[in-house]
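Read the structure below first, then the notes.
Naming follows writing order (A, B, C, D, E and F), and every chain is counted from residue 1.
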Amino acid sequence: MSVFDLDGVVQSLHTVRQQWREDQRRLLEPGGRDLPSRDALGGIVNTLKGVLFPMRLGPPDLRQESENLYIAHSLDSAMHALLAQAELELNYKRRRDDARSLTPVREDAVSRVRRFAQRLPDVRRLLDSDVLAAYHGDPAAGSVDEVLLCYPGVLAMIHHRLAHELYRLGLPLLARVLSELAHAQTGIDVHPGAQIGASFFIDHGTGVVIGETAVIGERVRVYQAVTLGAKRFPKNADGHLEKGLARHPIVEDDVVIYAGATVLGRVRLGRGAVIGGNVWLVDDVAPGAHVTQSASRDAGARVSAPKTAPADSTTTPSAVS
Amino acid sequence: MSVFDLDGVVQSLHTVRQQWREDQRRLLEPGGRDLPSRDALGGIVNTLKGVLFPMRLGPPDLRQESENLYIAHSLDSAMHALLAQAELELNYKRRRDDARSLTPVREDAVSRVRRFAQRLPDVRRLLDSDVLAAYHGDPAAGSVDEVLLCYPGVLAMIHHRLAHELYRLGLPLLARVLSELAHAQTGIDVHPGAQIGASFFIDHGTGVVIGETAVIGERVRVYQAVTLGAKRFPKNADGHLEKGLARHPIVEDDVVIYAGATVLGRVRLGRGAVIGGNVWLVDDVAPGAHVTQSASRDAGARVSAPKTAPADSTTTPSAVS
Amino acid sequence: MSVFDLDGVVQSLHTVRQQWREDQRRLLEPGGRDLPSRDALGGIVNTLKGVLFPMRLGPPDLRQESENLYIAHSLDSAMHALLAQAELELNYKRRRDDARSLTPVREDAVSRVRRFAQRLPDVRRLLDSDVLAAYHGDPAAGSVDEVLLCYPGVLAMIHHRLAHELYRLGLPLLARVLSELAHAQTGIDVHPGAQIGASFFIDHGTGVVIGETAVIGERVRVYQAVTLGAKRFPKNADGHLEKGLARHPIVEDDVVIYAGATVLGRVRLGRGAVIGGNVWLVDDVAPGAHVTQSASRDAGARVSAPKTAPADSTTTPSAVS
Amino acid sequence: MSVFDLDGVVQSLHTVRQQWREDQRRLLEPGGRDLPSRDALGGIVNTLKGVLFPMRLGPPDLRQESENLYIAHSLDSAMHALLAQAELELNYKRRRDDARSLTPVREDAVSRVRRFAQRLPDVRRLLDSDVLAAYHGDPAAGSVDEVLLCYPGVLAMIHHRLAHELYRLGLPLLARVLSELAHAQTGIDVHPGAQIGASFFIDHGTGVVIGETAVIGERVRVYQAVTLGAKRFPKNADGHLEKGLARHPIVEDDVVIYAGATVLGRVRLGRGAVIGGNVWLVDDVAPGAHVTQSASRDAGARVSAPKTAPADSTTTPSAVS
Amino acid sequence: MSVFDLDGVVQSLHTVRQQWREDQRRLLEPGGRDLPSRDALGGIVNTLKGVLFPMRLGPPDLRQESENLYIAHSLDSAMHALLAQAELELNYKRRRDDARSLTPVREDAVSRVRRFAQRLPDVRRLLDSDVLAAYHGDPAAGSVDEVLLCYPGVLAMIHHRLAHELYRLGLPLLARVLSELAHAQTGIDVHPGAQIGASFFIDHGTGVVIGETAVIGERVRVYQAVTLGAKRFPKNADGHLEKGLARHPIVEDDVVIYAGATVLGRVRLGRGAVIGGNVWLVDDVAPGAHVTQSASRDAGARVSAPKTAPADSTTTPSAVS
Amino acid sequence: MSVFDLDGVVQSLHTVRQQWREDQRRLLEPGGRDLPSRDALGGIVNTLKGVLFPMRLGPPDLRQESENLYIAHSLDSAMHALLAQAELELNYKRRRDDARSLTPVREDAVSRVRRFAQRLPDVRRLLDSDVLAAYHGDPAAGSVDEVLLCYPGVLAMIHHRLAHELYRLGLPLLARVLSELAHAQTGIDVHPGAQIGASFFIDHGTGVVIGETAVIGERVRVYQAVTLGAKRFPKNADGHLEKGLARHPIVEDDVVIYAGATVLGRVRLGRGAVIGGNVWLVDDVAPGAHVTQSASRDAGARVSAPKTAPADSTTTPSAVS
């Protein structure tokens, strides 16, 4: 009937889908969708931004004297919406694992969401430290409010600190969606499993990638296109990749990593170390050391003497601000 | 009248526009807009995502037993919307080329859109292979559904595989808009002309650039910030750049290219080769060879002996997952 | 009452907010929000895109004979909306600086917005040159309209040229929001303070970072992941970073910088210089010089003889188009 | 905290609600809403208008060759949405009746909705007759399409004929909502229980009221402000009003009732009778009789001789068209 | 496939539609919709309300100094939108009439819309007189602005005065849709053909019906549920109703008609006459006469002596204000 | 420039507006709109419906355990929005009255809105009585929830009881807008000044008009098209209509007024009186009396003996249910 002869296309698409479902051993259960929704999680994280920073990221007509009313209602709504998504993930997981559990899914989901909510004040506290770190770390920053309003690195951390709580509470799929929402907006790709201390600052940010088992201390600063990655993927006896091994760097307090630097494997960057732009690193770095590109290029990693003031006016290449 | 004295601004803007139109030899035809619409194409590709993966990317309240009805109607709508855009591109092209054609534009557009629709089952089949490649290639991937829902590399491939069909059907402008819509969301910039085999996986993805004449085999894996680019732009007798020359790399089956690597020119990366992170390559690589940065840095490109298992547990730098 | 025991969470969030406000010495003034709005500025810049390019980025049903009516009304609306945001920034600044001023904020804001409006014809003229530069600089570009419709580099320049005017008019926060809106969509991060001449072209663009005091001449072309950054952050007597120092490169007319190159500090790239892909540069480059990676890698920067045709068919690595 | 001292108001509202719930013996079950939704039903009836008249009341960009695809998908969506509402009504009813049933609610609802869907072709056929009746009955009507597009009487009949099917299928609450949606738009209040034959035409319509047990034949025409009401409400032994008694008029084929006429009780208006404007009637009228106001005014109801042509050019007061 | 067995329903609906199309001798032309759109006209009339009364019915953030810019742009948009609707009506008419015309439809439509636009200042002038009439005629009216903002009678007149212009310009279908949009909102049903002088006031309004050939002078006032209708529908030789005959009342200047009164046929209500509530009138009334219900009931129409002040403090039944 | 020659139209519209402003002695103050907004008030009343009946008219996904959070936040928002509208009305009034006041407008507005909020629990209590009256008064009503969801008479009372509070608090313009919003949806026109006791029920409702000074007792029931109006408009010495006089009926407890009845002037309908359909009344009615049309028609008003049960099974004409 249609000018495009779509009947055959519809039928072929059906055939391809059935093939996929058979290959994936999916039961053809009549019924609705069983996956968490990216849109729903986007709505939840937007509400939470207002809950965490009501007068700066909340609705424009909010007044300070109504903050708590707004937060109480919005948080309640967001937590119920999150509950629905958490149930979807838990159900999905049980179906895939063919798992039996003594705890009903709903009860389980309620408990996880409750614990998530209780973490929010700490999340806000950490984010305040990140905002201050950005303000103090970037001479171009005019105010703490500009930082919260504009900086992609701060947006990425809001998503990450929320996603990390979900990850710790056994909701890794929801966590991942939150991370990817930030990745799409900022070009910053932080795995929700990464552990990141207070006062963390990512400047510019595009192209930053931080892996699942990275551990980052306090007051660390990184610039665009920095990678904290894995060096190798060991295989197990079955020939499958080992999962869950600690395979990403440990970055101690007060480290600075300039743009384009790549740090791979379970290496340790000692307290106060400074890694220059474009440096390629697969070894540990001593506390306070300065690693620059020319050094690494010629000799594998020339290490300069430790300094007490890691961010002084000597050469610190590849910062832009 | 206005506090901003805008009359002069409106007039000056008019003058600048007229200057542009004269310089560009644009006729001042009264009438409406004659360019395809980015918003319209965004709507079409969103509908097609639901048509291709109804229970995962379609409307949240869709039920499996209604899939075909939904697809038949949505596909019909989307193809008519695409028809309108295709007519705009073909008209635009004829107007610019001052071309005469025996085929009326509408008939021509209908024929192209019909062929596009008939390619959709194959597109779905290829995308299924990409989803599986992502699932198997990333130990952090929890399920094929998580991959489809979250991974920017998969989103980029949905756009690319649709855009590539449009490109092949002589609708390069529509194709380009589709690609740029993905680029904006993922930071992955794949030219619609690039030919990419099944089971392709881009991990993390931000900063990946793949050029128009690149040819990529099956089961290839690339990481963030990889460039498959051109090395030189030859000029023709008139001093203008030659168009359409094959100028980007050929990547054979089972190659892996780690983050930040740059491969330039019509070089060939042999089957199963592994290119390390940040490597800079302007020459062919033998099948099974491993190229690492230190090698390329010191000696132009040290080539290690071929290996049967290209992704084993030896050093494969710069992966993050 | 709630299943999630949210009362304590609401209370704790209140406590954290109060702590922040005390630390930041914020008065607890009842009342509304006092910060410019990202959404409002997004709306303004969208309207301005239609004002600048009515038949290509304006509403789809606009007809050429109605252009001026549309522009007069839209510009008037946008300028009043901008006025409101400008007042917010000026008030915010006075409150923070505890400043007294003889000019009332509104009058001051009106004056700045009026001057901004009067700059729009020149902005359009510059953007026309950028569009032509993209069209001529990329052999894959099919038409000037495709360039305006699709290219992220052009979108980034629309935002930048508007943001730069705001920056010059003393509205740096509004300017910054405009820049970050483009950064989120394109992965291109240009500080609103950067001075950029006509016919500027950024190809692909993801990962480009251009700093606040950079000065760029006419007909310059840069590719993805290029950084024009600062090399060092001198401190003043108080131990705080010096602000406002000229710390980013000067790039003269007709320079080309290929993908991934990093140029740091107040160096000067002479007229017509060509900087190869991935090159790391912290020194001046003579006019017409070609700097390639292997040169810089081995010898700090091998300088080839000046050439009259800077973009000929010799090796110009890392372009993708 | 609020300037309006709302805490007490919130508390008092809570007290009033609790009082109501106790009075109504409502259990305080935590959980969501259990009533059908006016908005949801508004959406369903709008979809059904497109399903019944796709090229005239469907989406503006629908093409005739895509009608069936559109209908198949839209009808499927609407019936699933109706199913959800039907389950709400059935659950609500069982909860209120404290009823036990052998049929699960969902199965019961599916069966009712399936039968509703199967009635739609007959509903369309009846509505076609109504449209023709309006076209032929109103000399001002320019075309059948104008009638369908503009006439409130036709809109009211679309709602009524759908609502009547729901009423017959044991879903009186959904039916009532449909009727009231039309009442709000047209001022025409037809109880979903009323039985109305083909080719029914209500002109102008504001103020028309037709009661639950009214029975109306074919080719009947009524004007604005006509009431077909009950005359008395008999009580049963308990002192409560008897329910379900036939208490509204029977109107035989080809009757015309002019504006403002009131007909009360289970009277019978014989075939072809004509009731004049503002007439007050509580008795039967013989077939073909003409009842005019002056007659009724003076003598309770003067009955003129039957006529063969009931709508000829003699006085037929109070029509406006 | 569906649980509702909809295939048969879709097929039956198709059969019913085909039957209708055959009966109506509709060609089955593939293609889009050919009827004007109620939604589009609703949008146009809303824009025109802002054009006519910018500071009271225009956008809330409009400033007086921007009025003309707003009007110029909005009017231009609205007239182009109206042009599209006018073309639809003219095409529809030619198709139905199987008409040939020397004027192309577009040219014809442009001409009519241009004349419509030129009538707008007079329409505004008339509406100003209506607003004043409402303000002076209703002691409860607090201000002219309250009247414009709140009174359904004024809303009905805005629609009518616009619809009447369309009717006079040969676009009766568009005119009718405008009237019905007002009817739906106000319960006031004024045929677009009715000729109504300045300073007309309808109070309360629900149930008012005014027929196509009614002629109303200046300073007339009517209340709710007043009918100005036809008394008989003469038939022509073919047995069809005669069209276009003058069949509704003529109401001279300064007449007042109280609630519920019915006036039928081409009677003349003389200057300054007062018609009491619920009166039923089928004869002429002398200038200045007062007709009250008891009079009409007993004696057909008791006529009191003419009075110079038609609205003095003597009995004027059925006003509510 | 435009095909419609709109420049002259824009200019003429300007001239007409200026004429109006001069006639109305409006200062031409640059600036924004100064009238309350119908849309804003529509939003406020919708929020208040949810505040008053959260589980039945609130958001569909509200859960009972979150009621108070929802109410606290929504009420706070609505009261602030109402405050803005109240300030507009008070400013408008002072400007028109050229009034000086010791109380600043904002303080005055806050005080009125605070008192309004405190009346809400009583409003809910009265509305509960209205809902019960509808349920008990209409044998067709299936449940109290159906009544609240469907009945236009209940919707009109929600608006009226809120509007009446605003009227009493000196905000008659806001009150009037609320009333007209209900009038547009229901055809029921109740002036916000009318005083109406508990348990009031309007059945069907279209065409009901109740005037400003009407006083209605408890448990009163009225049907469609009932008018409680004024009989005369006395003039004062200046020839202007007297304002504020008590000119509408007093209706005592337990009265029933059937459809179409008209009661005019400051008459008193005694406790338990029953007024038949279409009756025309300008005199007092004794308690318990039954007035029927035939009586009034022949003898001015035949009065039957008082009865103890006013709504028994004897003739009570013109009810429809």
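To be clear about the criterion, contacts are C-beta pairs under 8 Å (C-beta built on N, C-alpha and C of every residue); 3 or more make two chains touch, one makes a residue touch a chain.
These numbers were taken from a predicted model, which means no experiment stands behind them.
Undergrad: Common contacts of chain A and chain D?
TA: Shared contacts of chain A and chain D: B, F.
Undergrad: Tell me whether chain B and chain C, two copies of the same sequence, contact each other through the same residue numbers or different ones, using over half shared as the line for same.
TA: Answer different: the two copies use largely distinct residue numbers here.
Undergrad: I'd like the Å distance between the centres of chain A and chain E, where a centre is the mean of that chain's Cα atoms.
TA: For chain A versus chain E, the centre distance works out to 61 Å.
Undergrad: Express in whole angstrom the distance between the two chain centres, defined as the mean CA positions of chain D and chain E.
TA: Computed from C-alpha means, the inter-chain centre distance equals 26 Å.
Undergrad: Approximately how many whole Å separate the CA-defined centres of chain B and chain E?
TA: So the centroids are 56 Å from each other.
Undergrad: Where in chain E do residues touch two or more other chains at once?
TA: In chain E, 2-3, 30, 61, 63, 65-66, 68-69, 72, 76, 187, 206-207, 225, 297 touch at least two other chains.
Undergrad: What residues of chain D sit close enough to touch chain B in their complex?
TA: Residues 61, 63, 66, 69-70, 72-74, 76-77, 80.
Undergrad: In the complex of these two chains, what residues of chain E are touching chain D?
TA: 2-10, 12-17, 20, 24, 28-33, 35-40, 92, 96, 172-173, 176-177, 180, 183-184, 187, 189, 191, 206-207, 209-212, 225, 227-235, 241-243, 248, 262, 264, 280, 282, 297
Undergrad: For a test of understanding, state which residues of chain D touch chain E in their complex under the given definition.
TA: The touching residues are 51-52, 54-56, 60-65, 67-68, 71-72, 75-76, 79, 110, 113-114, 117-118, 120-121, 124-125, 128, 139-140, 142-146, 149-152, 185-187, 204, 206-207, 224-225, 259-260, 277-278, 293, 297, 311-321.
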